[in-house]
Amino acid sequence: MTRKQPTKPKRKKTKSSDEAFSDLGFAKVDLEREQRCGLPEVIFSEGKTPKQVVDIAKTLHRNGQPILATRVDKKTGKAFIKAFPRATFHEHARLAIHGTLPKGRGTISICCAGTSDLPVAEEAALCAEYFGNTVHRCYDIGVAGLHRLLSHLSEIKKSHVIITVAGMEGALPSVVGGLVDKPMIAVPTSIGYGANMQGLTTLCGMLTSCSSGVTVVNIDNGFGAAYAATQITRLL
Amino acid sequence: MTRKQPTKPKRKKTKSSDEAFSDLGFAKVDLEREQRCGLPEVIFSEGKTPKQVVDIAKTLHRNGQPILATRVDKKTGKAFIKAFPRATFHEHARLAIHGTLPKGRGTISICCAGTSDLPVAEEAALCAEYFGNTVHRCYDIGVAGLHRLLSHLSEIKKSHVIITVAGMEGALPSVVGGLVDKPMIAVPTSIGYGANMQGLTTLCGMLTSCSSGVTVVNIDNGFGAAYAATQITRLL
Amino acid sequence: MTRKQPTKPKRKKTKSSDEAFSDLGFAKVDLEREQRCGLPEVIFSEGKTPKQVVDIAKTLHRNGQPILATRVDKKTGKAFIKAFPRATFHEHARLAIHGTLPKGRGTISICCAGTSDLPVAEEAALCAEYFGNTVHRCYDIGVAGLHRLLSHLSEIKKSHVIITVAGMEGALPSVVGGLVDKPMIAVPTSIGYGANMQGLTTLCGMLTSCSSGVTVVNIDNGFGAAYAATQITRLL
Amino acid sequence: MTRKQPTKPKRKKTKSSDEAFSDLGFAKVDLEREQRCGLPEVIFSEGKTPKQVVDIAKTLHRNGQPILATRVDKKTGKAFIKAFPRATFHEHARLAIHGTLPKGRGTISICCAGTSDLPVAEEAALCAEYFGNTVHRCYDIGVAGLHRLLSHLSEIKKSHVIITVAGMEGALPSVVGGLVDKPMIAVPTSIGYGANMQGLTTLCGMLTSCSSGVTVVNIDNGFGAAYAATQITRLL
Amino acid sequence: MTRKQPTKPKRKKTKSSDEAFSDLGFAKVDLEREQRCGLPEVIFSEGKTPKQVVDIAKTLHRNGQPILATRVDKKTGKAFIKAFPRATFHEHARLAIHGTLPKGRGTISICCAGTSDLPVAEEAALCAEYFGNTVHRCYDIGVAGLHRLLSHLSEIKKSHVIITVAGMEGALPSVVGGLVDKPMIAVPTSIGYGANMQGLTTLCGMLTSCSSGVTVVNIDNGFGAAYAATQITRLL
Amino acid sequence: MTRKQPTKPKRKKTKSSDEAFSDLGFAKVDLEREQRCGLPEVIFSEGKTPKQVVDIAKTLHRNGQPILATRVDKKTGKAFIKAFPRATFHEHARLAIHGTLPKGRGTISICCAGTSDLPVAEEAALCAEYFGNTVHRCYDIGVAGLHRLLSHLSEIKKSHVIITVAGMEGALPSVVGGLVDKPMIAVPTSIGYGANMQGLTTLCGMLTSCSSGVTVVNIDNGFGAAYAATQITRLL
Amino acid sequence: MTRKQPTKPKRKKTKSSDEAFSDLGFAKVDLEREQRCGLPEVIFSEGKTPKQVVDIAKTLHRNGQPILATRVDKKTGKAFIKAFPRATFHEHARLAIHGTLPKGRGTISICCAGTSDLPVAEEAALCAEYFGNTVHRCYDIGVAGLHRLLSHLSEIKKSHVIITVAGMEGALPSVVGGLVDKPMIAVPTSIGYGANMQGLTTLCGMLTSCSSGVTVVNIDNGFGAAYAATQITRLL
Amino acid sequence: MTRKQPTKPKRKKTKSSDEAFSDLGFAKVDLEREQRCGLPEVIFSEGKTPKQVVDIAKTLHRNGQPILATRVDKKTGKAFIKAFPRATFHEHARLAIHGTLPKGRGTISICCAGTSDLPVAEEAALCAEYFGNTVHRCYDIGVAGLHRLLSHLSEIKKSHVIITVAGMEGALPSVVGGLVDKPMIAVPTSIGYGANMQGLTTLCGMLTSCSSGVTVVNIDNGFGAAYAATQITRLL
């Protein structure tokens, strides 16, 4: 007998609603996350089956929450759209989104070094918009052509938070960091090859930036940068 | 001439039964392992052809032993089921199981941080059950939502051994380890990306846990944790 | 002939004051950094001779700026105190400080996992105070004894930004991140041994935290976290 | 002014005894750890000043607890002996011990591959004895001279738990694991050079042992193995 | 225009036969290698197109040399058989062989730890036979079941050179090395997962073996071990 | 709704032509690069969609510039040829080329260690020719057959710049560097396996060459070597 | 008996002068290196005893050659000055120099990111001057303060070759590379900590620079960059 | 109480002489190693106290065996000479030797790339002589000056086994391997810096040599190479 179903989880018998989560057996959906952390539960789709992602999404939806699923592949994206026909699946940014949070007061600039970094930059941008921020996109402004960056500088300076997305040697945050007085979050991407080591060089370069106060999230983690930026704009 | 057959091993001429193993040429099946190590031979299927796995399984079966094969892919799983129609192939946990060991006295809690870690957690759980233990599954109780873990705590404390399965930064064993007084085995999973480095970060994090006495097995090695836990429950 | 003097740099002949920096030959001291970046130039002392550090400090002082030097060893610290008798040299935090920035409106909680992480936590705390913030110190609240963390939780929740400092597996930001709704910056320390790999495991663990929106600075970079946190509190 | 004192922590004003820890400002000494985890608080001395170690030890002592401090260097060892004249400082095993836990029912075999691994083996042995276990020492039985190991085998088989300590390629647990039916904890040591990479090769070798159910602790972590082994013997 | 042909190499105009190689433009086939190195040129097929492999093989053949091609994939294997119908393509060992060297006086034992290591062991065995040696195959004698190894010991001791092939922690050469007085060459395989890191752990473990005088070749390099062993047996 | 289009970039409203780049929204095509850097903009195709590559190419073409696109896969190559029927797509070297720069005065020798390194060597050769250099190809002259290298030596010595392309241990630049008096640029390739670690060993070997003055570019970066060599020949 | 002398090498009996080297037993001093490679032999002092360095220097001197010794520590520097009283020992740059090569036609700009990178920058500058080049020093022009770099730009553009020296994330070559049309050699330094990994991050960042044609030498290898730059200026 | 003595091992009560080893408690001295392995026990001194090394040496001596101790530091060397006044302590090669094995029939060439590699080369040479071989030393013949190597070639070709010792990129074995028809063992040294990574680059380079049949021992392991070479010459 072949068991295709991954596991045989059972819903817990206790009144889980009292416990601020809904127990699906394979997942305990956190329903009071917004009260605790200011932003609602987000679904990390990697390693989950399409059915698991959709079931968690439905639970959130039943409890009146908007839905953001990250790292959604094509198959899961299709299942998501089928379950939530009004949702949008952004194939390149690997996001499935249903609903949105109320518009806040914050403005976030998303600076992107090269065209190849766009999927990650868009993950950050779309997530930041989902979380209620206004987003300025400044794309393909890598440091090998400084004039491109400088043409965007006044716009960047006016935002509350800056997200810089870059691959290769990851020099963009160092240069931008020396020109602005705003919190900046750097997102290394896995664009590059050889000595780039799938983005580890970019990551470590950003962590050892000669500009002070650059904070960094994981490789290709546009979502994480948008989340952190929103925790900042929520202070305004 | 193309030789598809991997090699031309020959069965050894000596009376191998006297030597406590059955010599298939490409494999020497260990028939007295249970006498030596308390638990019978288990088949590690990675790198073996379906035919090799089935041939070893048949040898064990002929000698009256139950069969557990780990890291079984789809193709080998099908061949196994064809050879042992009463066996079960767990596709997600990559296990093929035929028969079981006698029920023991031990209880093992399997704590799993996230839904994406389920295949490894189930590998541990199914193996632990195969080895005769009673298993409590506590799934999706990662430390980013502590209340989910605390809701399972009294149950966890009652078991004899705890297996914690987690990916990402692997914080679950540290938190659980500070709350219980039982042996705990941590299983890092390869869930994560970028700086996670296919689970190496999780593995190293668990090895440097701030909780004392956390022991660790290889990345994604649910089977190993179940085996080690059973060596403990066999002492009861 | 032995040349002990490291190099023979010459002061540039051009009117460097017009160029917003003072050229010492071996260094170009950035005098308009506060206008550009909101916070004045800080001296990174590693790899510089005591004389170089003091000369840069004097240039800043002559231009009416307060002085913060980081990663100051004993020898440089003594030279600093000799040159600026009213300054303070914090030997453990490796900081030399002269003057301070005007008090701002922000409050920063500095959460520290273990006593061994104190030097880095104090680097963050003293820098944050230098930059004009109010600091709450919550020390030795590692996740292996959750009750210690929970006793500080209400205080932590009231601050504007949270800095978490931890070594070993670096689980503290993951747990704190699941309990609060404020921006959090994680500082990995090099406390640990073996699989900790001089803090790389801690660093990578924090970068792959299961809590959303954790941003990270370099290993032992308490200063960087304080700087980034101040860029946030400057928005208030 | 030079501040030699690392930091200016203040004792918390709240009644910390109610909170099951004693707040020294720089440390929160966990006083109910034995109730929670079965074994009392242990002091990890690395990165702490001698005074900090002694102050924590005094707090434990005042509360009627025995004291075990690990990774104690010479300077701290002297300070410890001065404060607790009846204590023992084991210089090679880097342990300071005062008092002991009641004798339990468990027997632990400590197998050590080479003479160079002795400091780590003794750390494990002395800690295991401190925790109340009976210890069998089987030293210098590395796999390059199998007859030495086999001469100890019957003794090893009689113990409840086996700790194997080895450096270099770390083959000892694989060989022992194939001969016994007891839980085994492997401790990699940093003995070796070049491709050994400070014990990382040993560690990874043990984690990928061809023997099933080997669990592993951090490099040179004899204490951790003894702690984990005691969690097992406490079940008896 | 799409140029599918990899490059436009041209045959060199000089009389290359005088230069002891035949210049195909994309390759300079070494025709006097046997005179210099004792063994004829061998074709490393990885990264070469099937046509390139066959063209080099034909050049060798035209010059009266036998042919051994290593790391031959299916596609190249088929092209090889088509060009040399009497050749043999060993799919698992990834070898294409046409002809053989004269039988020498040496005997080589090939010891293999597990069934999953067979493809590499067979690469070594078939190459050793191609080079004129007599080969003893001792397969599946990993150290987790010592009795299997011991049953082959007298046979192993009688050979001139020993090749040990193992994956995982790579303990086999350490144990064998302590029991025999013959040159031994260890071949790490990439069998394993997680902390095995594609065989790097096995490789480094063998390099830091506690047995003296173990020499090592690259991961999965059965051919290299056979070549080195033949350089030894050629001395007899 | 599934959004296949990667992102929704908008062309910037400002007169970008004044700013020396053409803003496509997803890319800012640098039109004055030749004025600044001596060589026109080159398209790095990895991570870009075929449409993005073609759109950038068209913008360059409209501005009267020749086109070189690197790391072009089959799909993008086809789209390129469709858009520019007179262009050439070199499938193995992964280059799409339309037009060429005026012939210069420089001669570049491209030395290649093995046949498997040819795709990278050809990337270097074709780019060097595109940039207007005369190219001498010296292929398959690896150090294991020194006479092959020596047969090319006088030719190599006559060129202005030498590019050495090698995989495995990367010894070629060390040997060539000891025989010539010209600038040399080494290109490591990812040819090799196991301890080669996808070319990192080759790269690091070249960086630590015992020959003085070897400069190195990234793994498989034939284009970069040709670009750097051209910056040298432009000086003539 | 203790043998302090490292080894007992004997001078070779053959007429080594015919062989273009002078055989000191422990060293074969290359006397025709300038004929072959354009620049005379340079002494790499690391791992050599002071006596060995001086003996090699004397041999060069006897043969009428100037002397450059790199990576010279204090002890060797003193011995060198004692043997060659007119020589200069640059302690920070770790160079001992006696004599110089004839002045050439080339001009080299040495751009240095931070004051901490000065020792490496000076190694490059002094070697370049020794080799006969004119050197422009542009120090402390890191990208976090772009205006400092731009104030040097016209000067940099006028040189024939540019050497960029930087630690941390190594962004300087990327920015400079986008502004100039000259060959550029990047030297990573080991300035940084934590994720910088002793300069490996800087090195890999430079290798994956988004600017085309950056060539790189080993970490802290100022000499190598000067040597390579001189091979270029020798073409003029 | 401070216990300076590392541990309290007790001599085993059983008649260990029957067991072919002498049990010192902290060490089991293998007395029948020569019978089993052809060569007597060798003392690895790293991690052992001077007293432990001397005690083991005395046990060997009492049993009529010659003594070779490797990796002996100054302090242990002095203790050794004091205990065995006729012994020799080679400080640079870190060897203590007392007695020697009977002269055999084998000749070993030790090829060394640079003067800095001499300590390791001498470790190999002295051990090879201790084991009864005739040794040819060919020092400072690195590949950057091929003529130096070629001047030794005929001598090298006449030996039975070749040991090549090199640091940096480790190219020597590749070049030698292409010129000779004898077994060759390569010893990487830790000479180099930066990207050399303490010899790991050299090690991995030798393992991926383009010459067939190069076998490799651990970094700086001259002893291991001599031991392995002797296992070969013992066949003659």
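For reference, chains read A, B, C, D, E, F, G and H in written order, and residue numbers begin at 1 within each chain.
Assume contacts are C-beta pairs under 8 Å (C-beta built on N, C-alpha and C of every residue); 3 or more make two chains touch, one makes a residue touch a chain.
As the structure is a prediction and not an experimental result, all values here were calculated from the model.
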{"item": "Each chain counted as touching chain A and chain H at once", "value": "F, G"}
{"item": "Separation of chain A from chain G, taking each centre as the mean of its C-alpha atoms, in whole Å", "value": "45"}
{"item": "Intercentroid distance (Cα basis), chain G paired with chain F, Å", "value": "27"}
{"item": "Chain A-chain E separation of Cα centroids, rounded to whole Å", "value": "48"}
{"item": "Rounded Å distance between chain C and chain G, as computed from the means of their C-alpha atoms", "value": "34"}
{"item": "Sequence positions of chain B contacting 2 or more other chains", "value": "114, 145, 177-179, 193-197, 203, 207-208, 212, 218"}
{"item": "Chains touching one another, given as label pairs in label order", "value": "A-B, A-C, A-F, A-G, B-C, B-D, B-E, C-D, C-G, D-E, D-H, E-F, E-H, F-G, F-H, G-H"}
{"item": "Contacting residues of chain H [partner chain F, same complex]", "value": "113-114, 142-146, 168-171, 174-175, 177-179, 192-197, 201-212"}
{"item": "Chain D-touching residues of chain H, taken from the complex the two chains share", "value": "1-7, 9, 12, 14, 16, 19-21, 25-28, 30, 33, 44, 46-48, 52, 56, 71, 188, 190, 198-200, 203, 218-221"}
{"item": "Sites on chain D touched by chain B in the complex", "value": "36-39, 42, 160, 177-185, 203, 207-208, 212-218, 223-225, 227-228, 230-232, 234-236"}
{"item": "Touch list for chain H against partner chain G, complex", "value": "77-78, 81, 87-93, 114-119, 121-122, 125, 137, 139-141, 145, 147-148, 151, 167, 191, 193-197"}
